[in-house]
Structure formats: C-alpha cells, structure tokens
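Notes follow the structure.
Letters are used for the chains, namely A, B, C, D, E and F, taken in the order the chains are written, and counting of residues starts over at 1 for each.
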Amino acid sequence: MTRDNLVSEVMNMKNEGCRFVTMSTVLTAEDAVDVLYHFEKDFEVTHLRLADQPLAEPVPSISGVYFCAMLAENELRDLFGMRFTGLVLDFNRTLFLDEEVTTVPLVNNCKITPTN
Amino acid sequence: MLYLTPSVLKNMVKKPATRNYPFAVREPFDHYRGELVINPEDCILCGSCMRKCPSLCITVDKKAETWECDPYACIYCGHCVSVCPTHCLSMKNVHRAPAPQKVLMSEKGHPPQKKKKAAEAE
Amino acid sequence: MFKSLIKNSRAKSPWIMHFDCGSCNGCDIEVLACLTPLYDVERFGVVNVGNPKHADVLLVTGTVNHRNKKVLKNLYDQMPEPKAVIAIGACGATGGVFRDAYNVVGGVDKVIPVDVYVPGCPAKPEAIIDGVVEGLKKFQQKVEQAG
Amino acid sequence: MSNLLSILILLPVLSALACYIVRSGAVRRLVVTVTGGVLSVASVALLLRGSFEAWSPGTLFGLSWDLIITVLDFALLGVILYYGFKLKSLFIQIFTLAQIVLLSVFEFIIVEHVAVPAFRADNLSLIMVLIVSIIGSLICIFGLPYMNRHEKHLNLQKTKQPEFFFYLVIFLGAMNGLVLANNILWLYFFFEVTSLCSFRLIGHDGTKVAVANATRALWMNSFGGLGFVVGMMLAYNAVETLSIAALLTAGPQGALALTGVALICFAGFVKAAQVPFQSWLLGAMVAPTPVSALLHSSTMVKAGVYIVLRLAPAYQGTLLSDTIAICGAFTFVACAALAIGQSNGKKILAYSTISNLGLIVACAGLNTPLAITAAIMLIIFHAVSKSLLFLCVGTIEQEIGSRDIEDMRGLYERMPRTSFLAITGVLTMLLPPFGVLLGKWMAIEAAAGSIWVIIMLALGSALTVVYWARWGGGMMGSRKPGQPSESLPLLINLPLMLLCIGAVGLSAATPAIYANLIQPMLSSAALAVNTTTGSLGAFAVYGLYIALGLGLFVAFRAGRRAPVLRKVGPYMGGANLGEDGSFNGPMNQPVAFGAGNLYLSELFGEQKLTMWVNIAGAALLVLMIGGGL
Amino acid sequence: MARTVIPFGPQHPVLPEPIHLKLVVEDEIVKEAVPALGYVHRGLEMLVAKRDYHQMIQVCERVCGICSMIHAVCYSQTIEEMMGIEVPKRAQVLRVIWSELHRMHSHLLWLGLFADAFGFEALFMQIWKIRERILDINEATAGNRVIVSVNVIGGVRADLNPEQRDWIESELKIIEKELKEIQSTVLNDYTVKARTVGKGILTYEQAWELGAAGPTLRGSGVKSDMRMLKYGGYKLLDFEPVVETAGDSWARAAVRFREVLQSIDLVRQAIAKIPRGDRDLAAKVKGNPEGEAFMRVEQPRGECVYYIKASGKKNLDRMRIRTPTFANVPPLLAMVPNCELADVPVIVLSIDPCISCTER
Amino acid sequence: MKYVILAFIGLVVAPLAGGLLAGIDRRITARLQSRQGPPIRQALYDVLKLFGKEGLALNKWQIICAWVYLIAAALACTLFFLQSDLLLIFFVQAVGAVFLVMGAMAGRSPYSQVGAQRELIQVLTYEPLLVLVFVCMYLAAGSFNISDILAVESPLLAQLPLAYIVLTYILTIKLRKSPFDFSTSHHGHQELVKGVLTEYSGPYLALTEVAHWYETVLLLGVCALFWTTNWLWMAVLLMATYFLELVIDNTMARMTWRWMLKYVWGIGLAMSVVNLIWLYAG
C-alpha cells in the first residue's frame, strides 16, 4: 500500500463492512515509520501497512472515511509528530501534550518543530 | 418504582456493614503486600532487586555498601522479594503508615564474607 | 466560647475533595471505596464535596503531568483556608512507576505543598483513612500556629 | 375646584400646544418641567380637597362644554378615520365609521340632553389623578434628555420632538379628564383621545415596524371604542342617564344593560391589552422608552382597568363579574407564562404589565371590598415600579445598545447606579413588603373562594417570580475597586431616583394609604358592601418593613467585606484562566464565559403559546359578553 | 438566545477521572460538546525504552488500576506469542479467574458510579458494598485489592489452594444473591429507566462504523466479544456473549449487569477446570522477544489491542496499546449533542470511560 | 410574654432543631445505605467549622444575597411560630428563595448560573402548589391565620388528605431530596456541583445551611398543622412524613427538571383541585 492509494484502500475496507480497530506506528529508521491500519471483520483482523513513511511528509487522513480514526491520528500527531492532511478534527498536537513537552516523545527525543 | 425499598429497609434494621476501622482493625490477609522490609543483616548487596524492580526505586551501591529504597516510589509489587537470593527482603501484611514527610529507607548492607553492624537511619 | 466551639468542630468535620491528577484509577477507586458502607468515612464527618470552595482537605491521587498541574494549582488556590493536602499512592508522592516518563512532572509536592503522604500502590482504604487522620493532626497544628 | 380641574386637564393641553408651536428646545424643557411640577402639585391639592360628587364646567364663550365635547368627539373620530384611510387599514375605517354612525344615532336620536355633571371624583379617581400627574410628569421630564440622545442616536436632521411632546403632554390631560369624568360621553371622548395619542406616539419613529404597530394599536382600540359606543347605548337604554354615578348606584340592571356594561368593560379590556388584545401593547415597544413607560404605568392601560374597576358596582354579584375575574386571571397567567419565554427586556416588562393588569381586572371581577382594595393597591404600586423599570431599561438601552436581559448580565459592573435602581425596581415588583406584593397577597386572599381564579393566580404568581428573579439576579455583578461609575444627565437621574424612592417609600405607607384613601371609599355608597377589612394589619406591614429593612442593612454591611476577601475565580472544574469566568478549553484555547437563562422554549415559546392563549382568551371574552345576556 | 458555556471537568465530582468537555447548552440542551484529553497522559508507551520487557508487565498493569489484570494478561500473551512460550494450563485458568474477578469488580464499580451519575446514592452504596467482597478475594489470593500483580511472562506467580477455592465459591454465592436483590432496581426501576432509556442512542450501524467496543458495541446489538476468540483459558469454558439491542444507556447498563452474572459463572467454571496434578505455574523464559505481534483481549470495557515490536533486545522497540475507551470516545461524541445537560454524566458514563487507559 | 417566647423558639430553637434534624437525617440515610453514619451533631459541627473558615465570594452581591436568604428564612420561621398569616409567611420565605437564586446569578460562574435557573424551575413548581395547599387549609379552617387553624377541632388531615400528599411533594423539593435534588443537594455528586451553592464558601455557605434549617423547620411546621389536635399524633405524622422522605430519597434516582415540571404540576394540580372541589362541595 502506498500513500496515494491509502484512502481508496481504506474505503474498500469500509465497503466490505470492516470495523476500524486502530492504527499503530513503529519507528523503522531515524525519521521514518511504518504505519499499520488494523481492520476487523468477523473476528478476522486485516492489517494494512504503509511502509517506511518519512515523518516529515504528511499522510492523507482516513478520518474522512472512518471518523473514529480521528483520535488515533491525533495521537500520532502528538507522539510522533506526524502530519495528516484532511483531519476532520485537528487538535494540532494538543490532544495530550502541552508546550512544556519540547520533544517529540517517541522519536528519540528530537526537538519539536514549531507548529503551523 | 421503589424497587430498592425492601433493601434499604432491611439495611435499616440490620447492623451496618461498616468496619469500624481504625477502632477495630480486621485481621489482615497473609499475602497482602503492605510494606517492604529488609533484614540488612542478610543483604549481600547483589543488586538483583535493583535490576528487577519495575519502579527503579532500589539503589544498591556496592562501594558505599548501602541499600536504599524509596518507599514512596515503591509500587509494592513484590518482585524484589521473589528475586532476592538471601530472602532478606519481605513484605509485611499491614500497610505502611502515612507520614507527613517522605523518607528514604537506607540501610547498610553486608557484602558476602564481611560482617558489619547495620545501622538504621531515617 | 464560640471560638473554641469552632475550633473543636474543625477536626470533626473535614470535608474532602478528591482530585484525580492523572492516576491510574487504582488509588482513585480506593478513595471512593472509603465512602462506601464498609469504610464509611462519614463516621468522622468526612463528606466528599467535589468542589474546592467547600473543601478542607484535598486528596490528590496520581502523578502530576504538564496539563493537569495548572488545574491542581487552580483547585488548591480556590480552597478556603485552613486547608490540607494529602497525596495518595506512589504516584502522588513521587510519580511512582511513571516518574521517568516524558509527560510526568512528578509528585504532587512539585506543584503545591503536601501535608501527608500515603504510600502504597494503590493505597488501601485503611491507609487512606489513616492518612486523613494524620492530615487532620497537621491541620490542627496549622490552625494553632496561625492563632 | 374649577381651577384645579382646569389645571389638571387644560394646562397639559396648553403646554402641549406650546411645545408644538414654539419649537425651541430650551422652551420645551422649561414648559415640560414646569407643567410637570404644577400638575403634581395640583394633583396633591386635589387630593387634599377630597372627593366631590359633581361638578360641571359650565360654558366656554357661551357654548356649553357638552356641545364642545360632542363636536370635538366627531372631529376626533374624523381624524382617526383620516388615518384609517391614510394607512389603508380597513379595520380602522370600518370600526370608526361604525362609531360615527352609532354615535350620531346615540347623540342625536336617543339621548335626551338633560344636564349631567361632567366631573365627579371619588378616592379612586383622586388616586388615579395622582398617578397620572406625578408619575406621568416624571416620565415626561425623563423624556427630555432621553429624546435628545435618542435623536442623536437616530441621526435625525430635523427634530421631531415638538410633536412628540405635544402628544406626550396632552396625554396626561386626557387621562386626568378620563378618570374624573362622570358624564359617560365625556369619558368616551377622553377615551378616544388616549387612543389617538397612543397611536401617534407609537408611530413616532416613523419606521415601517413603528407604523405597522401603531396601526394595529389604533384598529384594536377603535374596536374597543366601538364596543364602548354600543355598550353606552345599551346601558343608557336601561338607566336612562348619562351619569356614571347613577349607573353605578343603580347596580346590576337586567340582561341588556349588563351586556352594555360588559361591552364597556370590553373596551377597557382592549385598552388594558388583555388577551387576546395583548399584541398592540407589545407592538408599542417600538416607540421611544418614555412612551412605553407612559403607556404601561400611568396612562392608557390604566385607563382600561380604571373603566373596568369603575364599573365594578354595576355588575356586582352577577355572572359577568365572575367571568371578568376569570378573564383577568387568565390574562395574568397567560402573560406571565409568555414573559418566561422572553429575553427582550422591554417585552418582559410589557408582558408583566399585561399580566398585572389581568390581576387587577381579576380583582375587579372578584368584586369584594378586599379585592377592590387589592386592585387599587396594585394600580398604585404597579405604576410606580413599572415606570421606574421602564425608565431604567431605557437608560440602560441607550448606554449598552441592547434591551436584551442577557446583555444586561453583570451590568452592575458598568452601570452600578442604574442597575441598582433597576434591581430595586424588580424587587418592588415581586417581594414583600413592597406594595405590589401586598396587592397580590390581598388578591389571593380575596380569590380563595373561587377555585378557578385562585388556581390561575397561584400559577401566575409563581411564573412571575421566575422572570423577575432571573432578571434582577442577572444584573448583579462584580466591580473592581476604583472603577468609575456611569454618568448620566440630571434629568434622567432625578426621575429614576424619585421613582425608586417612591416605590420603596410608598410601600411603607400602605397602611396609611389604605386607611385614608381606600377604606373610606369602600364604605361609601358606590362600593359598599359589608366592610370586612382585609388582613392587612398595620403591624404586619410595619413589622415586616422594619425587620426586612434591618436585614438588608445587615446584609449590605456584610457585603462591604467583599473587597477584602481573597480573590479567586469561579468554580470551573479547575480549568480557570483568571477570575472572569474564562477557562482553558479544548486544544488549550481560552473560552470566554457565557451564560443564558432557561427560556423553556418548548413550553413557553412565544409563537405557539400565543396562539393558544389567543384562542382561549377570545373564547373567554365571548363567554364574558355572552354571560351578560 | 444566549448560550451557557460549561467547562465540564477536568475536576468534576461526577467524572471519576479528569477529562474536559466544553459544553455549550441552550435551555439546558447540549448544542455542542468538544472534549479535551491529556489530563492523565503520562507517556507510558515510551517507558519501553527504560524498562526491560519483564518490568514492563508492572507498568502495563498500571495503565489502569481497574482493568490492570487483563492488561497484564494481554501484554504477557503478546510477548509469549512472540517468543513461542507455552503457558501452563493451570496458569491459563488462574488468569481467567482473576481476569473475571477484575471484570466483575470493574463492572460493579462502574454500575455504582453510573448510579451516582443519576443521583441514586443508595444504589451506589449498595453496589459498592457488594463489590468489596471481590476485592477481598483479590487481596487474600493475590496480595492486593486492586492491582494484583500476579502475572509474569510465561504464567502467574500465585496459586489458589483448595480452601481458597471453596471460599471463593461461597463468596460468589453471596455476591450472586445480593446482585439478584438489586437486579430489578437496576433494570426495571421507574426512575432509573426514566434516566437511562433512550438516552445516548447508538444504532447498530453507528456503533460498527464509529468503531465502538465492548458493552457499548454489544449494547447496540453487535455480537462481538473478544473472549469468543478463545484465547488463553477461555478455550476451556462455555461462553456466550451478552447482547442487548436498544443501543441506549439502559442497554449498556443491562449488558454490564448481566455480564457480572456471567462472570460469576465463568469463575465457577474456571475453578472447576483447575487441573488437579499439574502444579506448574509459569513456563521458563529464556532470551529476548523478537518480531511483531498483535493481540486482542476482552477488557471489561471491550476489546483491548496490544501491538508490540521487538528486535531481540531486552527493551522492546515499540509497544502500542489501543484501549477500549479510546475506541469508545468517537461514539460518545456522536451521542452527546442534543441531550439534556442532566444526561451528560449519564451518557458519558454509559460508555464506562476509563481515561487513564485512553491516554496511558 | 407568650409572643416573646414564641419568637425565641422560632428564632433560636428552630434552627438548632433543624440542625439536629439534619444530623438525624444523615444518620438515618447512612443506615438506610447500610453505613454507620456520622454523629447526630454532625450538621452542627459542619456549620460551626464553616464559620471558622475563610470566606470566598465572587462579589458583594453574593454575600448580601446569602444574608438576605438567611434573614428571610429566619423571619418566615419566626412568623410561623408567632402564628401569623400563612400567606404572609409564604411570601416572606419567597424572599429568601428569590435571593438565593439572585445570589447564584450574581457571579460569572456557569455552574451556579445553571443552578439558579434550575432553582427557579423548582420555585415555579412548588409555589403554586404551596399556595393551593394554603388555600385548602383556608377553606377547611376558615382563615389563613395559624392561630385560627390551631383552633380547629378536628385534624385537618381528615379533610385534606390530598393536599397533604401535595405538601409532601413540596417538602421533597424544598428539602432537596432525590428525585428533585438538581439545583443543589446535600451531597455534591451531581452534575452541577451543588449548583446554586457552588460559589459560596466558608461562613457564607454556613449561612445558607442555617437558612436551610429554618426552612426545614418551617415546612415541617406546616405539615404539623395538619394534625393539631393531639401532640402525639402530630409527632407521629411528622416522623412518618420525614421517614418517608428519607426512603424516597434513597430509593429514587435524580430526575430532570423537565420531568418534574410536568409530573409534579400535573399530579399536584390535579390533587389540589380535587381536594378543593371536595371542600367546596362539602
């Protein structure tokens, strides 16, 4: 799966009647992550993987397809400093964190870049 | 409506369920992990407890021969007790008393062979 | 006479407010359990008021983090004098297991003065009752000092 | 006597003309202020002279005044008709034409012109004169600086004040005439004058809404006028005299006469904006504040209840009396309920006025001495408090640019003096020991015997508490030490102050008022039944007054401690940002304080409720008039 | 019409935990509700860098003191799966027992708070009185009332002796009896129903689409319970999920109430299934985990997801916890608007929010 | 002399009795919940302690309102013991109710603002019913004066059973018991955090508490008027009524004001009307 077909793939999952479980992210390099999207149908879990996604590049948001992904994406915004385009409710790094936290928590403590 | 009425009326006539702590203290359960105590005599400063402690609240300093634990950071999980090779750590089954100041438990340990008197300090 | 009546009543009617300041709920539910039939702290006149403006004693459970430290401070400021603060659990005292996480400031005493620490993870209801009793002692001392 | 009466009735006319002709602001100021003063003094003088049975003015340049009035009457109807055509209002045209025709029939065919004393005054009339002259004058004086600011606000090129004060001042004269009239034709004349004046004043600003509302006021009142004419004819038919006094002493007379009385009462209902005619008074809100204050407190609507109350002996003990009581009580509840759904301050005042008028009408309908006492008390105190409130709202509106009670939240911060007066005004409207409440209390005692009325009174008084309390409470607020208070012109402050003092002080005088003014009247021929004094013992009022006064004193002294208290913000779940009620909201964004009242729109929403109220009100009215038969 | 802006929380007596809702109400009808989280966020997932994978068990337990046991189970199962450890049957069954005890105490705790949310103090007291028995069982068997800390990678640390088993059985009988006594109050009382029926409706489709979990999902008629995956000791037990179809607060309460009774049954079954001979409590653990694993278990509040990546070191690379409340927040946001202000606590509590789980 | 004693009872003894009653109330409530409960004098301790605390208020209006609330309640209670006119007492206590609301509205606090609005709804609910109950008593006794009511030969309860039920509704609202405890309640676990009282603290909270005691005594006094012929039965009636209140408090959830307005008005008005008609007919 790639960044470009992400939303359409997710759309497919939705059309198949899957429930969005959550998404997970894991650091694969200094500045790249794998993003996993987990879906469930009839107790079967399907994982979609967006591999080696550079942190600096924004990812298309799937919150337009699954509203509930909003929370997970905002969380990643906080914890990994990832950006999402088209997020329906964007807390802009204030879901969990305040100004006092000056690092991106899960990315080897690199300093945060000023938010836009 | 009023389904609870029989219950509350029953409560009214029965003795209240209240345990009259602190005037009457209930017999504690044996396994309750209430307070971590150390018998410094037996501590050989091996440091396993320090390595296993999930709260990282034990500090064993071999050079200074001290064993220190912050009881206010300890989460009373009891892992240190189960890993201690000399069984010098144990758990009391009553809780540690609240106090107006935080104190550090700090004990003189005894590396193997050598023997020293332990002093208790606050 | 009225003065001494008031003074005597102080220790007999500690109204508590409980603030969950990022606790894992372990200590939290134990605080709540104190109100329930088996422990029933109302025996000592304790009422859980839930409003800083009515409270005498602030029970804080949990670690302080960057967001709730302001809340904690606000609440403390809104309590009328004389007041006491009791920090409950390992988290309240020092930050507990989470001391070294990035969003944790530490124990309650990093933000407001604490009068009594109740150790435990979670602290037992009995320990909390002891803590409140201990807190009332300090409370009385404070009042006496203040005249 | 003659001097006093002419001062009270003719001086306003002359002053009004002076205002109209001499278009200078300074002269207007002088004329209005002096007229106000003279009127007030004259009214007191008249009161001191006491009631009188009959007095006729004689002739003017050899013409009998009766004739002059007749001529003026037709002239007046002609003017109204002219406006009817100008405004293309079919209703006005029909009603006025009908009046002209019927009146001609009445005057030229039916009535045998035996001389009937034109004026007569019992204590009720004297009280009304006092209210009209003093409160009305204060309102006019308040109007002077108010209208200046008002016009500045509207950016008028050419001032319209001469006209405005012309109608405003003439109104007072007409009211005085109305309450003193004994000849029913005179009464009718003054009645029509007030209709016309109110029409002109409501439409004063000339905006589309103003004109529309003025038109509605006129057609409704013409309808009332028509009722008056028919009623007059029927009543004359039975008692064969134009003298009201004679009509009253005669007591209830047969079905037809009673229907006549009912129709005159109907005219009073319209004038007093009882449901389903409340809409014209609400529409009158578009006019500048002095107009609303005047219409609502001392003139116009009071003319309506005055007529109903005046006629009380004529329907005593009849079914009509009961239905009037029910109609009044229904208006009381319905408008109190409607007021709950409102946030527009003036509308609340309007509904409250109507509601209180309903209470007065209900008392008239109950028709026991106690009830009549209650009615008179209510007329007095309602006039004072309501004018105070209207003037306060006007002042506030000019200052903050809104008449919404939500915008007045915490007004004490900005306008401590005015809001203090307004809060006092609110309190005098609903709490003991103030007069309005004493009136209500007596009304409830009087109504205890009639089940439907009492239920409606009970509901209505609770509803009243709701809309007043939240308004009064909402205006309270915090002030920082040293914050400057508002500065207002003297001619605005003075009437406000006087009215406020009046509202508070007069209440203390209730026992005196009762003993000296009301009780003698009740035992007089017109209203006497067996005199059971109400339970308004002097002790209760004085004791209450002293106790609550002391209490307030203690409370205010305690309140003075406020500045030394430690400043903490309100409870915000701990998310406070400062002390002004703002808090740290989602995404760490500050959120400002916001509060709104409960308007219970699903229960008291204006549109839906109005429809039901109107239907029920109309049904009750039909019942009432039919009940006479 | 002017609107009142109410800061609901972070400190608020009916919210057991700090969460902030900016409520905009008009005539006490909620027109707008925006949440603010982060008052309990500690940053637990990052602690993997500072603790080894054994110590992490204790940290995971303290994600939440209410569902601590099952967090630990889920974590250990994930590690065990990664390392291919076979957990002894006895340990598996014991895990089920404590898990179900946790579920019971969690549900009862919630039921009490829920009663408190609609001002039914006596019911709250009654329920919490019953709940104390479960905590006593925990304390006696595992050494702590709430956070039992019995799990280790590969198994458990504590055992139940026969007397304890009998004692548990007898306690369960009392609990069951006392629960039956309040059953009609919880499910049929007029005032309770008036406050819960039709409040916060979540339809089947909405629940599925918004990714709800646990009783919130089952209250809307979806038959979804992770225990149907038959993980751990559950493969030995008879189990049928509790489902209600109304989708309102009452349905969710009913699901939880019936689940307590079901849990009593499960504990009984599990006690009966404790293997006789085999006394093994924990398998030996050697080496460090490596690879990726994804594990789902049923928490009291619903499906809890652990995703762990490790690369053969003592410290894990990444641990991701998706807790049920995290999944239930979006449905909550869909339920609150246009309810009455007085119903906000009821609706918020009806998903049984656990913020410390959500934010970790 | 008699009046001095009566005034003393109304002014001084009544609040103390109210305080003790509050303590008993809490004790019995605790017992109904299977708890041991506080000492009987607990409510007095609470108030005394509050007097010794630092007072916090948002502005002077709040303080004024708290005082007026207290004074009006005390006055109403005293008037009651002085055997004054029921309607007068009613209006004087309404002063207190109104000032309580206004005090809550005086500050920029959303919680007390909402509380004030709800309190108004409560006032709206019980006031007409209370007036109707008084009217029933008037019809039965021929006067609004308490001294006249005391002179009635047979217990009013016999003639006014429905009015008494209505009165218990009012009592529940006024005592702020479940299911009507939504503008404020004795325990703060409620969505409004004590609503109208949110912003009061220390001595000012104590004032409102004492005022509440006065009101309790006043209302129980009104209940007592329903059986004035025999002290014993009066006591039984009062105890039974109060115990019933406690049981209701402990067996019902808090409802919403929308429900209250519809339900209590519906039932209350219907019952009062039936009783009124009965009195008219009889």
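The definition used in the following text is that contacts are C-beta pairs under 8 Å (C-beta built on N, C-alpha and C of every residue); 3 or more make two chains touch, one makes a residue touch a chain.
Fair warning: this is a prediction, and the values are worked out from it, not measured in the lab.
The chains in contact with subunit C and with subunit D alike are A, E, F. Taking each chain's centre as the mean of its CA atoms, D is the chain most distant from subunit C. Here the largest set of C-beta contact pairs joins the chains D-F.
The central chain here, found by comparing per-chain C-alpha centres with the mean of all protein C-alpha atoms, is F. In this assembly, A is the chain whose CA centroid lies farthest from the centroid of subunit F. Inter-chain centre distance (subunit D to subunit E, centres taken as mean C-alpha positions): 66 Å.
With centres taken as mean Cα positions, subunit F sits 33 Å from subunit C. Chain geometry summary: the mean Cα position of subunit B and that of subunit E are 28 Å apart. Inter-chain centre distance (subunit A to subunit D, centres taken as mean C-alpha positions): 68 Å.
Annotation for subunit F: residues touching 2 or more other chains are 30, 32-37, 54-56, 110-111, 113-114, 117, 187-189, 193, 198-199, 250-252. Annotation for subunit D: residues 568, 571-575, 586-588, 593-595, 597-598, 600 touch two or more other chains. Each of the following residues of subunit E touches two or more other chains: 4-5, 7-8, 10-14, 25, 28, 36, 38, 41, 43, 46, 50, 58-59, 62, 122-123, 125-126, 129, 144, 147, 189, 191. Two chains count as a pair here when they touch; such pairs are A-C, A-D, A-E, B-C, B-E, B-F, C-D, C-E, C-F, D-E, D-F, E-F. Residues 16-22, 25, 34, 54-56, 70-77, 95-102 of subunit B touch subunit C in their complex. Residues of subunit F touching subunit B in their complex: 28, 30-37, 247-248, 250-252.
Across the complex, subunit E is touched by residues 17, 19-30, 32-33, 36-38, 48-52, 62-63, 65, 67-68, 71, 75, 96-98, 100-104, 121-122, 124 of subunit C. Residues 1-5, 8-9, 11-12, 14, 16-18, 20 of subunit B are the ones that touch subunit F when the two sit in their complex.
Residues of subunit C that touch subunit B in their complex: 37-40, 43, 86, 90, 93-97, 99-100, 107, 115-121, 123-127, 129-131, 133-134, 138.
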